[in-house]
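Chains: A, B, C and D, in written order; residue numbering restarts at 1 for each.
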Amino acid sequence: MPPFRRILVANRGEIALRVIRTAQEMGIETVAVYSDADRTALHVRRASRAVHLGGNRPSESYLDIGKVVDAAKRSGCDALHPGYGFLSENEDAAAACLAAGIEFLGPPPAAIAAMGDKVEARRIAQAAGVPLVPGLQEDVDEPRLAAAARQVGYPVMLKAAAGGGGKGIRIVRDEKGLLEAFHLARAEAKGAFGDDRVYLEKFVTRPRHVEIQVMADKHGGVVFYGERECSVQRRHQKLVEESPCAALTPELRAQMGAAACDLARAVGYVGAGTVEFLFSGGRFYFLEMNTRLQVEHPVTEMRFGVDLVREQIRVGAGEKLSPVPEPRGHAIEVRVNAEDPETWFPSLGRISRISLPGGPGVRLDSALYRGLEVTPWYDSMLGKLVVHGADREQAIARCVRALRELRIVGVATSCPVALRALQSDEFRGGDYDTGILERIDRKPPASRRELAMLAAAAARFLVAEQAGARAAAAAHGTGEGPPRWAQLGRIERQRRFVP
Amino acid sequence: MPPFRRILVANRGEIALRVIRTAQEMGIETVAVYSDADRTALHVRRASRAVHLGGNRPSESYLDIGKVVDAAKRSGCDALHPGYGFLSENEDAAAACLAAGIEFLGPPPAAIAAMGDKVEARRIAQAAGVPLVPGLQEDVDEPRLAAAARQVGYPVMLKAAAGGGGKGIRIVRDEKGLLEAFHLARAEAKGAFGDDRVYLEKFVTRPRHVEIQVMADKHGGVVFYGERECSVQRRHQKLVEESPCAALTPELRAQMGAAACDLARAVGYVGAGTVEFLFSGGRFYFLEMNTRLQVEHPVTEMRFGVDLVREQIRVGAGEKLSPVPEPRGHAIEVRVNAEDPETWFPSLGRISRISLPGGPGVRLDSALYRGLEVTPWYDSMLGKLVVHGADREQAIARCVRALRELRIVGVATSCPVALRALQSDEFRGGDYDTGILERIDRKPPASRRELAMLAAAAARFLVAEQAGARAAAAAHGTGEGPPRWAQLGRIERQRRFVP
Amino acid sequence: MKYTTRFGGEQREFTIERHAEGLVARRGDVRHALDLALVGDGQTFSLLVDGQSYDVVAEVQGEQVTLQLLGERFVVHVEDEREHAAHAVAGHKQGGRRELRAAMPGIVVGVKAAPGDAVAEGQTLVVLEAMKMQNPLAAEAAGVVVRVLCKVGEPVSAGALLLELE
Amino acid sequence: MKYTTRFGGEQREFTIERHAEGLVARRGDVRHALDLALVGDGQTFSLLVDGQSYDVVAEVQGEQVTLQLLGERFVVHVEDEREHAAHAVAGHKQGGRRELRAAMPGIVVGVKAAPGDAVAEGQTLVVLEAMKMQNPLAAEAAGVVVRVLCKVGEPVSAGALLLELE
């Protein structure tokens, strides 16, 4: 007996397809929802049923709680999977499902709300004994300033309490510059937010971004599936993730896992969640908890041989957690974004050709299809390439091999940058941090320059020669026609033993 | 340091690509060889170098030992991988490599020769204590007949000693019909082969085809990687393979594995090999040994998390065997053949569209690409779909899901038959034998009939409506033009901040 | 437009029309709301039937539609009204001569009948080797062999006339 | 045919000719035997350079060739002899006016310059929001703003003229 009869998948793109795949394997029907632009999207075509929501703006479709929950009710769904993004961390959506008698495949609204408020989240984490970046959480004033900085240890950061977007932040490396920086930070905070409160925190140097995958059931069970290292980022967006993290000892992993599980227990968590940490100098500090399935969850799935969406669905239906298998080997994910690799500008267009990597240890999660139009309405992530190998070196080599096999024509992708990151000495050595992408050349490598220029000339030669051949054929009236075997194939299909 | 500098891949299609992928991951260069028809084949495009061999007949190219070994020498290869088929079980090819100082990535010529001669192979197996189908291996005469049949146990088979292709075979269920069958078999044997010698063997009822994957190094080490069940066959060609075999107990598995390793030791085996057994009534009988990598090796790779081609290369270079990891979950492979699913006729044509399955636990090994012409020159196998799941039920559901996602346009494939086999009660129950495909309807299921007829009518409606719209547009001179976003994309690519 | 579809020995009629509220398919008294959208280049479309979703690949070659649907392959014969009427007239004129044509390119490795032979339905007439496999080509109905146009060892293209029956 | 290629600030000339023994590419004294085969539909080709194999995707748009090769993406400018000669003449006529155009469709969320402003190379002039990201569009060279043709909150298509510099 499947745990649910029918699940509404309140998302689009690769994650909607991801959920549909597992539901289908579990014998559960799925209902896709779609905006105008997504009428022929793969998630619509692969679901059992599809409901049109409205216009292309997320607010008119995927973000409209009323429309989404109504679609779930009208199509007879007994559960809703929010994916990531959109309504996945929206406590009102979770509450609306609850009110409609539909199981929201995520944590209870209170847990979403608690972790969504960053101040509250830090408070709960601290109470649960989860290490935070040391500092003074409240407004710091001039008299206490120097003592606080000394206590936390230099370098320190002064941050606007009402801040965001990097404004009102000052890094201070020693006591000498402290006071001046404090006044500047206050002034900047006042100017930017109309609020001059400033707080003080330890500045974590060369931080790595390491996160713990947790899963909780409704019977108090909480487990974790190891960690993921996500330090290859630009603009705070992850580009490459791997598991395990090369910098973690078994002891540290156990400590981080225990801390993440403690936090999940503290908020009465249910389902899949990720606790993000900064890791630096052999210590880890709580950053935030994402109360949903993460984009990079396949890294964990490949290493543990599990299906996390299946687990989400199972625990949502009240079943107990499955045992966590022993992890095996090493996994790496590369996000495939429709972006110019040199400028990071979004790249829009129609996908005219796709050639996907295959063979051992390669997984592709994407909603790409030939003819897809990449529009500015939604996220630029087209999909994810995930590989698994017996060890880190093999996984890196496999990922490089798969990236070379992957061909997408119609938009530019971020893959060349990921390729160069994977091939860099810094990444290969395993000792890297969130600054790695800034140190990598985004331009194509000079070593291939001669070859590329020759190949480009050859391409133009071929195009010209073909055009010449066509013109000659047209002049002689021979035409081109389909190739020989295709013709034969066509005859074959039409004639058998016709009377 | 990679174990070899450059490997010649003496094959084509998906297996050539398979070898190239692993070699590339190991930092080893590859040289592809190709016939005229394969100039743009993927194995040519993905290899480091490519050498043209000759015409499309295998004898003019892939089977020409002189040309192949010469290509390896001239291109500076220090090893040669034969794949499967073609020269893979040809002791002369192995010997020619040896003579040229090129490592043949397979067993020594003597081991190939010994296992290639079926009588010799049975003799060696018997000497090594590997169970054979009970019977009298030599010519049986009338006086000894009844006693021999009683000793072996009914039902028995009378087989022409010089036989083949099913001729001169009689199945006898009890002593009553024995003498008459014996005379008939002799007469048939005489007529068909000009040799009336007949031998007697136990008739194995409802046999399953179960095989053991072995791997041996040059230091006397021999290991096995569990078994594969390959009973879903037609015309003795496998269509679906799985691991583990649902009928095997741990004890039987250990016994079969030990027997396979004993046989490998007895012939001084090196590299990857497969020992095939018939399995029936809780007993197993040696069938033959294939002295090469098997088509269905990915089933084993997914379950054990190993790369068997990497192991082949490593042991070929004189390295010792890696430890065999614990197997995990269940794996299933489906062969994708260019064949009409109702008639098994080969289906030829140009591949005009491919849509590949993805997501968790799915692997695709194929050399398919859009534009590929499927010709009658080579094997009809286009590729292999392999899935892995936590258990057999999950693996079956995943395989069904992936088969539904797979779309190949241009030729018909055998996939619908595999799909129906996977969905049959017989396969799901796990208690099946080599006759399973004969019991499955090869025609599309009646349950979808109404839907298919409606969809076909809808397809014609859409085509007609589109043609009407084009005609109307042409009449109004508006044309169709590329879609809006594609136009915008084009502008974007051409203009930036042009001076 | 009314369509006559044939598949697996059955025949059904569907009427498909574009109404103000969208596409509607009717068969007898049963009505289905359809939503039909072409994907990319015209061989794939998304079909919603009363909200149920199907991803369909359709190769339309004249009246023959080869469908890929839910992992299955269906070759359906579809006639529109005009074609149906034309066939009804032509049906009365069909003669008695039948042809055996090569279903694929290959090499003839067996000719199992000679002129004058009476053959039964399903009887193998010619064996063609292609892709390393022996493919028996059988009589679709009983008859008498009139002409044999191929011989053993000869390569033939797909569609080549091999034999005529009456 | 002789081709002038430009990439990453470098320029190289190649001569590609079809000889009796096959295609030959020359650059100065260096000769390469080429074997060039189109795959399927004309955007992918297999390139053998002295036996070394490369799988190339090339989008040829006039003189701009966008290549995918070994996992990398190269946008190479390629002129044949005729085009090269034409550009040499036109080069002398280029004026001093520069345009800032939208690199992608999006919504203008920031206009950082006004008519009369002197701006430096690399200075952000307009910020465009697309795909949930803020994309700064910068001056490709120093100049003085002549006209501003967009305003905050306005949606613009790709290629739309946003600002003119002199």
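Simple rule for what comes next: contacts are C-beta pairs under 8 Å (C-beta built on N, C-alpha and C of every residue); 3 or more make two chains touch, one makes a residue touch a chain.
The structure presented is a predicted model; accordingly, all values stated were derived computationally and were not measured.
Compared on C-beta pairs in contact, A-D and A-C come out with A-D as the pair having more. The mean-CA centres of chain B and chain C are about 31 angstrom from one another, to the nearest whole unit.
Note: centroid distance chain A to chain B, computed from Cα atoms, is 37 Å.
With centres taken as mean Cα positions, chain C sits 47 Å from chain A.
For chain C, the set of residues that touch two or more other chains comprises 38, 41, 44-45, 54, 103-105, 158. Shown for chain A are the residues in touch with two or more other chains, namely 46, 347-348, 353, 355, 369-370, 488-490, 492-493.
An unclassified topology is adopted by the chain contact network, corresponding to no line, ring, star or complete arrangement. This structure has the following touching chain pairs: A-B, A-C, A-D, B-C, B-D.
Those residues of chain C whose C-beta lies close enough to touch chain B in the complex are 1, 3, 5, 7-8, 10, 12, 14, 16, 18, 23, 25, 27, 32, 34, 36, 38, 41-45, 47, 49, 54, 56-60, 65, 67-74, 76, 78, 80, 103-106, 130-133, 135, 158. The part of chain A that touches chain D in the complex is made up of residues 235, 338, 341, 343-348, 352-353, 355, 376-380, 400, 403-404, 406-407, 409, 412-413, 415-416, 419, 443-446, 448-466.
The touching residues of chain B, when paired with chain A in their complex, are 17-18, 21-22, 24-27, 46, 298, 301, 305-307, 325, 328-329, 347-350, 353, 355-356, 358-366, 369-370, 373-375, 388-390, 394, 397-398, 401, 405, 410-411, 482-483, 485-486, 488-490, 492-493. Against chain C, the residues of chain A that register as touching in their complex are 32, 39-40, 44-51, 75, 369-372, 488-499. The touching residues of chain C, when paired with chain A in their complex, are 37-41, 44-46, 48, 51-55, 61-62, 64, 66, 94, 98-105, 137, 139-141, 157-159.
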